[in-house]
Structures are given as structure tokens and as C-alpha cells.
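Sharing a structure below in C-alpha cells format, with a few things to ask.
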Amino acid sequence: MKLTILGGDGRSIRLAYLLEEDGHDVKAFGFKEDHINKLLLSHTLDEALDKSSVVIGPIPLSHDEVYLNTPFHPEKIPLEDIFKKMKPDQVFMAGKISEEVYNLAKTNNIKAVDLMNREEMSVLNGIPTAEGAIQVAMEEMDIVLHGANALVLGFGRMGKILCKKLQGLDVNVYVGARKVKDLAWIESYGYIPVNLVELNAYLKNMDVIFNTIPSMVLDGERILNINQDTLIVDIASVPGGVDLEKAKDLNIKVIWALGLPGKVAPKTAAMILKNTITNIIEELGVL
Amino acid sequence: MKLTILGGDGRSIRLAYLLEEDGHDVKAFGFKEDHINKLLLSHTLDEALDKSSVVIGPIPLSHDEVYLNTPFHPEKIPLEDIFKKMKPDQVFMAGKISEEVYNLAKTNNIKAVDLMNREEMSVLNGIPTAEGAIQVAMEEMDIVLHGANALVLGFGRMGKILCKKLQGLDVNVYVGARKVKDLAWIESYGYIPVNLVELNAYLKNMDVIFNTIPSMVLDGERILNINQDTLIVDIASVPGGVDLEKAKDLNIKVIWALGLPGKVAPKTAAMILKNTITNIIEELGVL
Amino acid sequence: MKLTILGGDGRSIRLAYLLEEDGHDVKAFGFKEDHINKLLLSHTLDEALDKSSVVIGPIPLSHDEVYLNTPFHPEKIPLEDIFKKMKPDQVFMAGKISEEVYNLAKTNNIKAVDLMNREEMSVLNGIPTAEGAIQVAMEEMDIVLHGANALVLGFGRMGKILCKKLQGLDVNVYVGARKVKDLAWIESYGYIPVNLVELNAYLKNMDVIFNTIPSMVLDGERILNINQDTLIVDIASVPGGVDLEKAKDLNIKVIWALGLPGKVAPKTAAMILKNTITNIIEELGVL
Amino acid sequence: MKLTILGGDGRSIRLAYLLEEDGHDVKAFGFKEDHINKLLLSHTLDEALDKSSVVIGPIPLSHDEVYLNTPFHPEKIPLEDIFKKMKPDQVFMAGKISEEVYNLAKTNNIKAVDLMNREEMSVLNGIPTAEGAIQVAMEEMDIVLHGANALVLGFGRMGKILCKKLQGLDVNVYVGARKVKDLAWIESYGYIPVNLVELNAYLKNMDVIFNTIPSMVLDGERILNINQDTLIVDIASVPGGVDLEKAKDLNIKVIWALGLPGKVAPKTAAMILKNTITNIIEELGVL
């Protein structure tokens, strides 16, 4: 199967190599020669798209909804050009496709699939995210995690995997959640459930706090209960969950770690991407 | 707070004791004197209900939707009598309340809450169910679980907790599921994902298979792939997931283990019940 | 290679089958026809020993140092007869060979190896012993192990494996030891170290106590600190470590579980035996 | 109790603070004012030693067996001066005391204790060493540890703790050892035993190799079997266990990580030191 990689960062390049190793005919466009194996590089967008079954854009697809996200390419590539040149039987995939861009694709009769909406991708990205959060904690703390008190805020995708790994390192794992059902799950997995209503009583005894809730859970008031020795690792997406200014005033260290998969395990991140793309190809019956 | 326990088996009796230990004024009816501490026993239904805030029936509430489930009481107690004698500010709780009985309660202006619908109860019951399934496997197998190949069918409430405990015993944990998302979760937790489409290839190498899926997953055809040495422990509720007759023909041992919490850890089962009741009381603001 | 199995219980019979599955020529003597596959059975001791490279006696070898331990054979077989009939190039292995019997073998120019002195066998038997202890606890307790307080007395072979498995089941694992070094190891593995000097303070809060120390550690005085609800599982060999009479007076349940490998996982026990025998054969260069 | 800290690096300074937090009267000498809280600093060696019960030197005590190891002090302090000024009832502790220095202390009637000979210290240092090795692997690998193949060479102090933590992170843990007994232990803990005789067959499939054996185990020949993508983390003390030149030729990345406790968890390292010192004080009955 011919596959096209259009723009993106190191993750897209690794993805190109992994797809080629799997035996696909891979063509790339939107990179300079010194970033990627020349043999994969097409000279023109037309050449790259020609006879391709699946066209894979970057993650995120675009920063302005007009041009492709191409950090490794000197010239700008308009999204509209891509959709105009594609044929209706070609599938377009990329990360974070806006409503606007969806419509643009549709107008051009192109089926666009947002990789970030795929649940298996979010779930699997929880693995490098959890390892990355642990790596950050190890790097920033002057004590070992072994025997430390760690509080994980939120018991969703990232929280669940992170908790298991922390427990596997013999950390005392506290988990803060709001719903009675989540608190029951936390207990079932052998962690210590903390009702968010009673959070303040726990904050001062923690050596490290991992936040996974993307809303202001450690606000200016709650943060007053946190010890200066405590490290906060926020892995929640924008807007995060920590009052950063207040933390700075109180001399509490906060690391807001975003995009961990690509940073701490770029090859794994590319493999997860590849598997997700393969699943979509199978489900759509792309030939 | 005054609480009334009406009928039920050993679990209800243990529940009465646990509630009393918590400092509640507990009255019981629907038991013979030799089954329960006499001091808790009321002589009449009226006496038991008088001034009570919460009336707690058995699990299941009834076998015929007419009379209370009272294995330890010689005389039948009609559900209608209970609702007629209760006051509107009293709350009624029990397990498996049918539509019919709900309506009966409503007609009599009584708020009825089904304990089996509470998610925290189902989740927490996963703990004794998982331990019970492991106990059954230990009792029935002539090899150790350590290093054995175990397949868990289904990755819902029971599957998730069971898998974690099996892994904690150094078992090789395979998990069968159908959805791409579930398979991603299975991988994220460090178990070996088995797409149910490819199940047959795995069946013959398993030392023990735990089924949690309440539909015929190990049917007469699939079961042909299972080894005679393999133990099957079915913890799925009725109708179960194993073709029992075919298994018998093939001389494959199947243990269909239902109601494990009450059997393997009756005190824990009663404690889960108590915590669930306490949660409901708090949520409803019962005084 | 021809191997001879002489006497013993079910474990010896399973061993015979396992050795045959491995492709050896196995002959057995000291069993009745209805206990073992007839094809393996020799009619006389001479026939059994003829051309054999290794002669494998029971575990334990004898109860009186005169006759072979043959629970499944109507006639007594004197040890002396065996050694007299064996040839000097044949190796004799069995469990618990006394000084006296060693000398008897030596007098007859026979090399005897005690299987119970092999460290790999003691270590590996720790696996079924640990699982068996957990099975006993699950069967006897009315609460789940999950979240329970368990105290393991002694951090030797059995203690180490048992603790890891208990932790894997989300038990709170306390370990009692005397030496500073052992207490450091206990902490390194993520368990809670208990200096035996301060044992009394911990005893009353335990749900289950596993003893692995073969001397009176839970004596009449210490046992006074143990709660009536606490289960004691003693897996220490004779003389055990619990004052059984005092425990009975205090209505504390004690299960003294000996020989767990053969009871809870006879096939695993036979496999460990087989692997140990194979190791010895390799080391001795038996042909 | 008055305690004296003489020279050393950041670990000694942290130790001084921890001992003071415990309520001891701590005096330090051999540091410049800007490295340590002035209130603890003595102006002269005599002042520092006066009325002290225990004198704690650095780790290692000296680099030349003549002068104290004082990286934070401009002037050299001869060991002989210290022992001459100490009184016979004062105890001297430090790390890595040579035969020569022992004799020097003895000549001056001073009891010297080598902290590095204390088993609890070696064992507990295994915790930050294991976490540090994992941190290094996380930092250097472009894939996650989750699901990776890791080989640990050696099953001594460091190997045992490292393996448990790797397993807790859902790594496939292979362990290389030579003795039948160690291989049995490895199996008992649920890791995959690799007989060093068969090591070459495993090397090529590993994502990361941790060496804990302080002798040339990954020599120029064995290393030929290792993949270029494989990371080697050597945590064995001098002379290490990897042919570094050959690895460089083959473009295989090797990180030789020494002194991990002080680097990755300096506070924990100081706490372990403090606990060891406290144990010695108790055992010696120092007043």
C-alpha cells in the first residue's frame, strides 16, 4: 500500500520509517533533505500524493487552520492545496482537525479522520505519559519514590496507568477523585482513595503530587496546604490544574509536563501512531 | 439513627452487627432467635419499623415479588404489609427490586432504593469475587498459579480486578476482549491482549480460563480447542458463558462460581453493603 | 537413560510419569498395580534395578531407617537389600537420608544424594508453599486479603516469596525479623519491617499472621496480644512456632500447614523434584 | 548527644541537618561558610571535637590515606591530627577506611567503624541505585520500559531490588546468573532465569541491559551479540562489567552509572547514612 507522510516533526519521520519497515511504499513531503532519508522524499506534493491510499498529516495538523504544520520545511503548504490535489478515494488522517478544516476537506470530497479522537491512541499514549511523569519526578526529587507519599489527582486514562506504575515502584499511592464510583475503583485497585472534598487534609503530607485533571484543582487556596518540599507534576492538558503564580509565590516547584510521549519515548509514540493508523485502515477497508 | 433489618440470610445478620458497632440503633425482624443476637430482635413488624429512618430488606428482596426473602423465618412476610406500615419519611433499601415492587412501594408513598444498582457496590464486590475466583483455581488445580497461563475473558468490572491480582501472583495474564479500545487498555495494564476473533489459537495453551462474560463465549465449537488439563472457572452471572454439557463430554472441568463474595468473604460482603447504605443515607440526607 | 522409582507416595508416581514424558526409560517398584500405570511396573526389585543409571527413593526415604517408605506397597522393602543389589556406578537419590543410611550406602559402595539438601529444591518449593499458605488464609478468613493487615514472621526462603505474593494481592505486608540486615531487606522490598523486639505492639492489629520460623516465636505470652479474630497460619516445620494449647484456650484459630507443595500442587511438586534430579544428573555427569 | 561532622560533600552536609532535626547537638568542621548553615560550623578542629560522642568523617574518608576528603574546605586536614585530638571514648565513623588508617586510629586508641561494611547500608543503598538505574534508562531510551525486554546481569543486592521495580513497571525481566540456586530464586520471584552459559542467545533481543556484576561479563566477544539499539546501563562498581572500547566500536551506547544514590536522591542517601549511624550508636551503646 502506498502511504504519504505530509509534514510534521520527528514523530512523523519515525512514523515514516516504521511504516516502511512494515513493507509499505512510503513517500514523504514537507521535510528538508537533511531530516529524512532521501529515498523516501518526494520532490513535489503531486508526486507525494500520486497513487497514495492514505495521506497522513502532522500532529497537530496546523497551527492556524490554513497552512500545514511543517517545522522541518522552509515553504508553507496550504491545507487547501492538499485537499484539492487529493482524490476522493484517498483517506486523510492527522491530529487535531478543526471543524473548519473538516469542512474544507468535505467540500473537496475528502474523508478526514482525526487521530486524536481514536480511543486506543489516547489510552496507549497513557503509557509513555505515565513513564514520563515518573521520570520527571525522579529527576526533580531529592528523595526516592520508594516509600514516598504520592497523590494522583484524577482517575481517568492517565491516572489509572500512572497509579499502577507508582504502586509497582512501592510508592504509597493516594488518589483524589470526586465520584463515589471512582473512589470504589481506587480502593479496588489497592490505592488509597481521597475524596476531593477532604483533599486539604492530605496535601501537606505528600512528597509528590501528580495532577491529571485539566481544571483548576490546586487553586490558590488549596495550594496553601502544600509543603515547600513537595513537588507538583502537572500532566493535565491546557489549562492545567495548578495556580502557577501562587505556587511560585510559595516557592513550591511545579513542572507542567506536556507532550510527554513525544519527548520521553519518541519511538513508542510513533509506534502507537502507526498502530492506530493501521486500525483505521482495517476498519475503513482501505485498499 | 434507628435502622431496621428485615429478613435475609447471614449477610443481613452480619450487616446488623456492623451497623450496631457503628453506633446505630438497630432492630431486626424476620429471623428466628437462634440465628441472631436476641437483643436486636423485634417481636413484631410494627415494633421493628417504629421510628426507624431506614428499612433494609434482603438481597435479593424476594423470590416471588410477593413475600420477603426470609430463609431464617418460619412465617411469610408480605411485601405489601411492609410498605403499608412504613411512613413516607422512611427509606426502603434492598437488592434486586423489580419494577412491580417499585410500583407497589410508590403506591404506598415509599421511596425504594435498589442496592444492586449502586455502582460502588458492584465495583467493590469485584474484590471478593476476584479473590474467590483465585481461591477456586488454587483449590482445583494440581499446579501452582505462579508461572501458569491464565486467560481472562472480558475486561469489565470483574476482569479488571482479577487480572491485577493474577499478575500480582506472577501469572501470565492473557485477556480476551473484542473492542480495539479494551485491547488498548489491556496492553496499558501490562497484560497480553487477545482479540476474541483469534481466541481459538490461544485456548489450547491455557492452564486456567476465567470467564466473566455473561453470554456463550466458550460455546461448543470453541471449547473443542481447550485442553483436558485446563480448568475453567466461570464467574459470569446467569446464563454463564460456557457450554457445560459439551465441557462434560470433553472431560473438561468447569466450576461455575456464583455469589462468591458471600461465600468466600461474608464479612467483607457485609461491610461493602454497609458502606453502600451509608453512602445512600448521606446522599439522600436521611436524618 | 534408564531411571528407577522405588516406593513413595503420589508424588513419586507423578515423578515417574514426568520422567517418562521426558523420554526416559522408567521402571517403578514398590507400588501396587492399581496405583500406577502397569507398563512402568517391574515385578521384582532386581528387574527394576537392572541397567538403571539412577535409583530414586521416596521423600522421606524411610520412617525407621530400616525399611523403604512404601505407603502403596503391601510388603516391606529393606534399605539394605536395595544397596546390596545396586551396582557402584548407579546413583541413589531420595529425601531425608539419615547419617546411618548414608553409611549403609557407603558400606555397599553406593553414592547417595539427599534431594532435601539441594538448595534449588528448597527455594522452588517456596512457590507452592507460599500459594498454599495464601489458599489456606483465603479459605479460613471471613474477610478478603485485599487491604488486610498480614504479618509474616521470618524473612527466609518461605517468607520472601510469600511476602511478594501477598503484596501482589494488595495486602498490607508487615514482616517480623530480628537482624538489622534483614530489616533493611524488608524495607527494600517495600514491606513494613517489624523488629521482633517490638512485636507485641503489632500483633493486635493483624488480620492474619503467617509464621515461617521453626521455633516458639508466638509463645504463651506473646499470643496474649493477638486478637480472637486473627487467623494464624503456621508453615514452619516441626516444632512449629505457635503455642497451640494457649491459642486454643484463647479461642484463636491456628492452622499448622505442613507439606503444602504436595497437598496444594502435587504436579508442581513433582516437577520441582524432576528438575532437581535432572540438575544432579548433569552435575554428576551420570550416563 | 553531641555529634561531629568532619569534611565530606553535600551528603555530609545533609546528614548534619538530619541529625540536628533529630535533636542532636551537631558541630561541623571542614566546610566553608557558604556551604553550610553557619550555626553548625566550628572554627577549629578542637572546638568541633570537644565533648563530642561520635565523629563522622566523609565517604570516602580520604583519597590518599593521609588527608581528610574535604572538597568544600580550602585547607588540608591530616587524618593523624584528628585521631591525636580525639579521646578514647569517642567513636570515629567514616566510609572506606583502609587497613592503614585503621591502624593509625588504633595506635591513637580510637575505635573506627567503616560505614561501608554495614550490611543495612549496602542493602538500603540498593533502593536509590535501582531507581537511579531506571531513571537513566528512561532518559536514554527512545521507547518506554513498559513491555520492553530488560536483562539484569547478577542477582545480588542491586539486582534483586532493580528486578522487583522493573517488574512493577511491566517490563519483561530476564535475569542472568550462574548458580543453580540463584536461578531457582529468580524463577521464584517470577522473573525469567537466564543461565550465563546461554547468555549469548538472549543478548540480541534485549532493549536494555543492566549490569551489576563487577567483572568483565559483557566482554568483547559477548558484546558482538548485542543490538545497536540496545542500551547498556552498568551500575557495577570498578572495574565495571562492560568492554567499553568494543562497545564504542560497535556503536552501542553504554552508561556507566556510579554513585547513583548521592546523585539521584541525595536526601535519601543522607537518611540511609543517618539510620546506619544511629544503628551503630545503639549497638555500641554510645552515650
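Each chain carries a letter (A, B, C and D) given by its place in the written order, and its residues are counted from 1.
The definition used in the following text is that contacts are C-beta pairs under 8 Å (C-beta built on N, C-alpha and C of every residue); 3 or more make two chains touch, one makes a residue touch a chain.
Just so you know, these numbers come straight off a predicted model, no measurement behind them.
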Going by the average position of its CA atoms, which chain sits the greatest distance from chain C?
-> A
Using the touch rule from the top, work out which pair, B-D or C-D, shares more C-beta pairs.
-> C-D
Between chain C and chain D, what is the separation of their C-alpha centroids in Å?
-> 38
How big is the gap, in whole Å, between where the Cα atoms of chain B centre and where those of chain D centre?
-> 51
Which residues of chain D are in contact with two or more other chains?
-> 127, 146-147, 164, 170, 187, 189-190
Residues of chain B touching chain C in the complex = 127-128, 131-132, 134-135, 138-139, 141-147, 164-165, 167-170, 264-268, 271
Considering the complex alone, what residue numbers of chain A touch chain C?
-> 146-147, 170, 187, 189-190
Can you check the complex and tell me which residues of chain B touch chain A?
-> 119-121, 123-124, 126-127, 160-161, 164, 180-181, 183-185, 187-190, 279
